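First the structure, in the form of structure tokens, and then the observations on it.
So that you can tell them apart, the chains are marked A, B, C and D in the order they are listed, and the count of residues begins at 1 in each.
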Amino acid sequence: MDFVFTEEQQMIRDTAESFLAEVSTSEAVRKAMVSSVGFDEALWQKICADMYWQAIHIPEEFGGMGLGYVELTAMMEQMGRYLLCAPFYSTVCLGVNTLLLAANEEQKAEYLAAICEGRLTATLAYCGVRGGRNAEDISATYSQQGDDFVLEGECGFVVDGLTAGLLLVAAREKGSSGESGISLFAVPADTAGVSRSNLPVLDQTRKMASVRLESVKLAQANLLGSAGQAWPVLDKVLDLATIALAAEQVGGSQQLLDSAVAYSKERVQFNRPIASFQAIKHKAADMMLRVEAGRSAVYYAACVADESLQGGELAGELKEAASIAKAYCSDAYFKNAGEAMQIHGGVGFTWEYDVHLYFKRAKASEHMLGNAAYHRERVAQVILD
Amino acid sequence: MKLSFSPEDEKFREEIASWLKANLSGGVEQLKFRGGPGDEHMFPEERKQWEQKLAEGKWTCVGWPKEHGGRGLPIEQQVIFFEEYARAGAPGRVGHIGEGLAGPTIIAFGSDKQKQKYLPGIVAGTELWCQGYSEPGAGSDLANVKTKARFDESKGKWIINGQKVWTSLAHESDYCFVIARTDPDSKAHKGLGFFLIKMDQPGVTVRPIEQITGTSEFNEVFFDDAECDADDIVGEPGDGWKVAMGLLGYERGVSTLGQQMAFKNELDQVVALAKENGAANDPVMRQRIADLYLRLKIMRFNSMRMLSDSAGDGSLQKEALIYKLYWATWHRDLGELAVDVQGETGQVLEAEPYELTRLQSLYLFVRSDTIYGGTNEIQRNIIAERGLGMPKEPKW
Amino acid sequence: MDFVFTEEQQMIRDTAESFLAEVSTSEAVRKAMVSSVGFDEALWQKICADMYWQAIHIPEEFGGMGLGYVELTAMMEQMGRYLLCAPFYSTVCLGVNTLLLAANEEQKAEYLAAICEGRLTATLAYCGVRGGRNAEDISATYSQQGDDFVLEGECGFVVDGLTAGLLLVAAREKGSSGESGISLFAVPADTAGVSRSNLPVLDQTRKMASVRLESVKLAQANLLGSAGQAWPVLDKVLDLATIALAAEQVGGSQQLLDSAVAYSKERVQFNRPIASFQAIKHKAADMMLRVEAGRSAVYYAACVADESLQGGELAGELKEAASIAKAYCSDAYFKNAGEAMQIHGGVGFTWEYDVHLYFKRAKASEHMLGNAAYHRERVAQVILD
Amino acid sequence: MKLSFSPEDEKFREEIASWLKANLSGGVEQLKFRGGPGDEHMFPEERKQWEQKLAEGKWTCVGWPKEHGGRGLPIEQQVIFFEEYARAGAPGRVGHIGEGLAGPTIIAFGSDKQKQKYLPGIVAGTELWCQGYSEPGAGSDLANVKTKARFDESKGKWIINGQKVWTSLAHESDYCFVIARTDPDSKAHKGLGFFLIKMDQPGVTVRPIEQITGTSEFNEVFFDDAECDADDIVGEPGDGWKVAMGLLGYERGVSTLGQQMAFKNELDQVVALAKENGAANDPVMRQRIADLYLRLKIMRFNSMRMLSDSAGDGSLQKEALIYKLYWATWHRDLGELAVDVQGETGQVLEAEPYELTRLQSLYLFVRSDTIYGGTNEIQRNIIAERGLGMPKEPKW
């Protein structure tokens, strides 16, 4: 047992931190978030070429770095901290994870290589327009026509769905319900019948899209895994993505703590820095508690994710570890955002200061992939039912 | 202790309700439920006209004494007025700073000349006011006023220099009341004056503050050798703090009941949504909704105590002391509920590029409630010190 | 509308306050609570004779003072504040309310007169041994044998059940379920087949008992109202008792605030009274907010209870007003108790200081007649279903 | 970062688990799950014997260096030891203050003579220790020590006068370590000494404190010309604060994982009850139970970080800084859940006149957790000041 970053992991984290501090400045984020694609394509290409982050946990045989989930979450934490606008979460945490778990060797070779080379971004489209994390929330349908599949329906809340080159689509066999009849398809975004539109949301730092599927014809080669059997795999992908998201939440929580503390040390009221008031100190202490506890939850979940991808003995804990991390970090992030805004006082209510960017991101992330109450109920099912 | 209203009161209720019904029609219909918190920037022109329509019906300043143009309504009927106003969804009042703050201050502390000059415009709904209290760097420390007022003997006027911030409706207002330091060597709450300043003059600049909503209800106001007639100081130089403190008391008046009716309208929207999307069947969400509902009811009961108690010795009663902290916290929680009840779909905007839904506006805007007019932390200090006699902070 | 005590109400409140401050001292409470009956009989007789509190809202025609529910709750608030150990709540809030709503004129004449004269105490026995506030929680049964009724079963959590002279028992017709088939009976405690035992509970200041009913034979004269139709009346009695209980909770919350503030002004740490620390001041401020808001809720509910007893226009609000008051005051009392204990530090953890008496009372009262979550759900039913 | 244990570690796990299984039988069976927080007063004699049984198996002081009688186990195996100990329901350790606090302090700061004199008794489980830190009136202000130590040249001994409070197990202990003021003119954390004092002497009186549970785990200890050999001061006069602060660090050691296993046993009881009485079907209660469960898991993850991190630069890591506040708050919440999950029946005692159920004891006893060893408020100050570099309170 060694529950601390290895030297190499620490280096990866530190490199991410210093790179992002330089490129993902407040100015850069604000520029990216109002652009139609939501990120700076040149920066993304730089990340792909110079940092090779998109390849972090892709096995070496497919051209990746072959690192683990601990390394991935260490980076996600920094991305959350600096609000990086880039198709990383969609491509790596949703896309690559889906491909790793669901694709056959040929599909992996094709898509993972393209991702490694920075030629392809990907995302996962699974729920309908009302969102949700359960099998029942999958509303797009497919039917088999000879050897082909025909997809119909609309997917909501597709992260970076407007720009992703590859859409990994979950659809259910017409007439099926619950966890049965679900399949995953690799759908190049330019496939006939696919139309995409921006879904404008409160948090501008992560772009969402709606994807319409109208008689989208797909070949067997587009099917990932066995038809109708995809739910367990998709469920696992969502848990892995949840852990990455929780890491991002920790990074955001940390940044809110740091900025609130820094501001409180500068801001003078009643002839003293407000950092000297117990009311502020105790808020900050609670914020730090939430950050550190959240971080512990995420590190553990990252280790479990690692074992899950490699079939280790803790693989069976994936669901629980993901829900623990997401339940805790969702609340931690939003509470920290609220407190940071309160500590900032009036200026925290302005567009000019960055607090609101995190405040909005916190709420958006809270509701993505199930909010805290949802994940607590999932934990309750494990221990009470 | 008695809750019911008299038959006379009920008759009055019918009167205002039917007037509102008749007048909130036609072109005015679009103003219904608009112009509240987070929505104050909407329809400014139309809402200015609405003020004048109200004035025609003699529905402005209903609580003011008749001699100053009001209706001199007893508290019960003021309560009814504000309740019916909000129940009807009548628009947020652009005149509320004049009617609720500037006017009562002038009535209490102003000269006859000031009363004659300013009160009629407020009553008529033709002259709008804004308030110049907060300064950048002062925030909750209200006494830390840096804006200066120097009397220029040659001009016979006060010359004002400084900056105010968080001034709502400044760009729509005709006048601003401003606290400024008349004695440059004074500190804290001594040596302040309370000035009535015309906004339309070269020395006054208004700059909107872009808020987290992407809109701008609040402004910065810069005074750069702005002028103020010698007659337009309320009280004497040095009285500013006393006047300002008197004014703060008016914020806990009958209009709080109107505020609560507006809150009720907001909560009703949330409840309707929850019923529509199924959140009302989720036991955890039910607890949150019921909690907000019952705390709003209690807010109302508390205000009723506050109002019934006001005939007392004039000191701020305990139920009044907690009021700001209570409602600000409630409203913040409501904002959270308003988006949470919608789940992921609560994140979807009304329209591109960044037009918020009403409930999203609410959700964001309520974050200012726990800050302006004394942060929650300041409120707790005040409660502990004034309400419980606990010692002040040691000096730094 | 005049939402403030009348001069007379204020006087009643003030009299209660000064009387209780004198007789219900910490020493007196501690002596009473370890006695087997749980109160000082001499003090109770003094209350009945000199103060005439037991008769407060009994109509004058039955020998009572004929005052209203506002007066009753004003007194209950003070009793909660001074932790009065006496069969007041059981006799007046449970007993008298049941008799007022369910008894016929003869029964009223008999029992209310005896209560007024201090000859009789009463209580209500309705739930089974697992407690609860719903119709389903009534587990004692009755069957008709000719003109008589025979009761069987066990009632739990009967307040002052060991000492009450009159047990008002809710039982259901054998085989009935839900809200139908419920009857109320006036059962003198010495009726054959009635056995009572002390039910020891954490809060020693309010005695509970279990009441066993074994072939208890009752005549028609013992039936209150129509057989099988009692639930709506009992439901109303419970709401009225709930409002009185909430008033008591406000009194306790107030006392906790007062004692915590007083202690914090005396207790010196780091060379200053701890009352000067923002952490303590802000806790106290929140405590006061809860007390005042709770008090507003109770005053309103008291007015509604008044109208309910007199058929006024707000009578229909009884259920909602009771649930609002109980939901809020239950949380307020327990939170204040926890904070008061924390402010007291180590000494708050000793038997010697009184904080623990309130701490235990707060939790006991919270669970009596439905806890906060229960009442919030009741409110939810009103607004959401 | 790696979670799994080595095969060697797993073998060790089997060893301790089977030893416990073999030895927690017969007359010892009644001690299972006893003697924890709120239950420390139970079975003192039997638990003392258990200490010696542990010692026979060489299961005391497993983390101590071999030279001092310990097993010198690596951290992983210490973790395993504490986990298995708690999992087996082995009784609360009456020797824990000696093993966890006094011993490590003597090892780190004591003289050779002290090591020879005191360590063997701790290892053998024959000599029990208690701690003399808190004083009435000092509370969280640990530096405000009033107990005095005066060196009597004629006797060649230190003479101790003063009073300590909240001393658990004082009536069962052979020795007490005491912070006392060696320099009568000193203030705060200067001029203190750290003394090892024999309890069985005329100058030492123990008086139990009756707690809200009706029982007495804690005591007051009075020193009235108590004597302490010149050799029995740890370090020099004036070093007391340094020694005491070092000691506080040990409270965040591997034993925290054992504590958590005990917490897990408590939570398991609550879960079992909830399943039994139907509370487990109530969605609102499910949220609370799941919340407690997941926060306990996180407590464990956090401790694992804390332990893995300890090889660092020796300073208290952030995850260690939050630890006390985190667990104390968690435990308090668990106590509340433990009675709430039972509804009204949770109020019924085990027996007359005032014998509490285990969960009632827990519920009440946990209220001390947020107070002793630094209140939650003090913890937040420490986190803000040491962890976040925020300024200290101004002097009064």
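Here is the rule we go by: a residue touches a chain if its C-beta (ideal position, glycine included) is under 8 Å from a C-beta of that chain, and two chains touch if they have at least 3 such contacts.
Just so you know, these numbers come straight off a predicted model, no measurement behind them.
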{"item": "Per Cα centroids, the chain farthest from subunit C", "value": "A"}
{"item": "A-D against A-B, pair bridged by the larger set of C-beta contacts", "value": "A-D"}
{"item": "Subunit B-subunit D separation of Cα centroids, rounded to whole Å", "value": "54"}
{"item": "Centroid spacing, where centroids are CA-atom means, of subunit B and subunit C in whole angstrom", "value": "41"}
{"item": "Multi-chain contact residues (two or more partners), subunit D", "value": "283-284, 287, 377, 380, 393-396"}
{"item": "Where subunit A touches two or more other chains at once, by residue number", "value": "272, 276-280, 282, 373"}
{"item": "Footprint of subunit C on subunit A - complex, ascending", "value": "277-279, 282"}
{"item": "Subunit D residues touching subunit B - in the complex, by the definition given at the top", "value": "282-284, 287, 393-396"}
{"item": "Residue ranges of subunit B touching subunit C (in the complex, touch as defined)", "value": "1-5, 9, 76, 79, 271, 274-275, 280, 283, 286-287, 289-291, 293-295, 297-299, 301-302, 304-305, 307-309, 318-319, 321-322, 325-326, 377, 379-381, 383-385, 387-394"}
{"item": "Residue ranges of subunit A in contact with subunit D within the complex", "value": "1-6, 9, 70, 257, 261, 264-265, 272-273, 275-276, 278, 280-282, 284-286, 288-289, 292-297, 299-300, 302-304, 307, 312-314, 323-324, 327-328, 373, 376-377, 379-380, 383-385"}
{"item": "Complex contacts: residues of subunit C adjacent to subunit D", "value": "34, 129-132, 156-157, 198-204, 208, 267-272, 276-277, 279-280, 338, 341-342, 345-346, 348-352, 356, 359-360, 363-364, 367-368, 371, 373"}
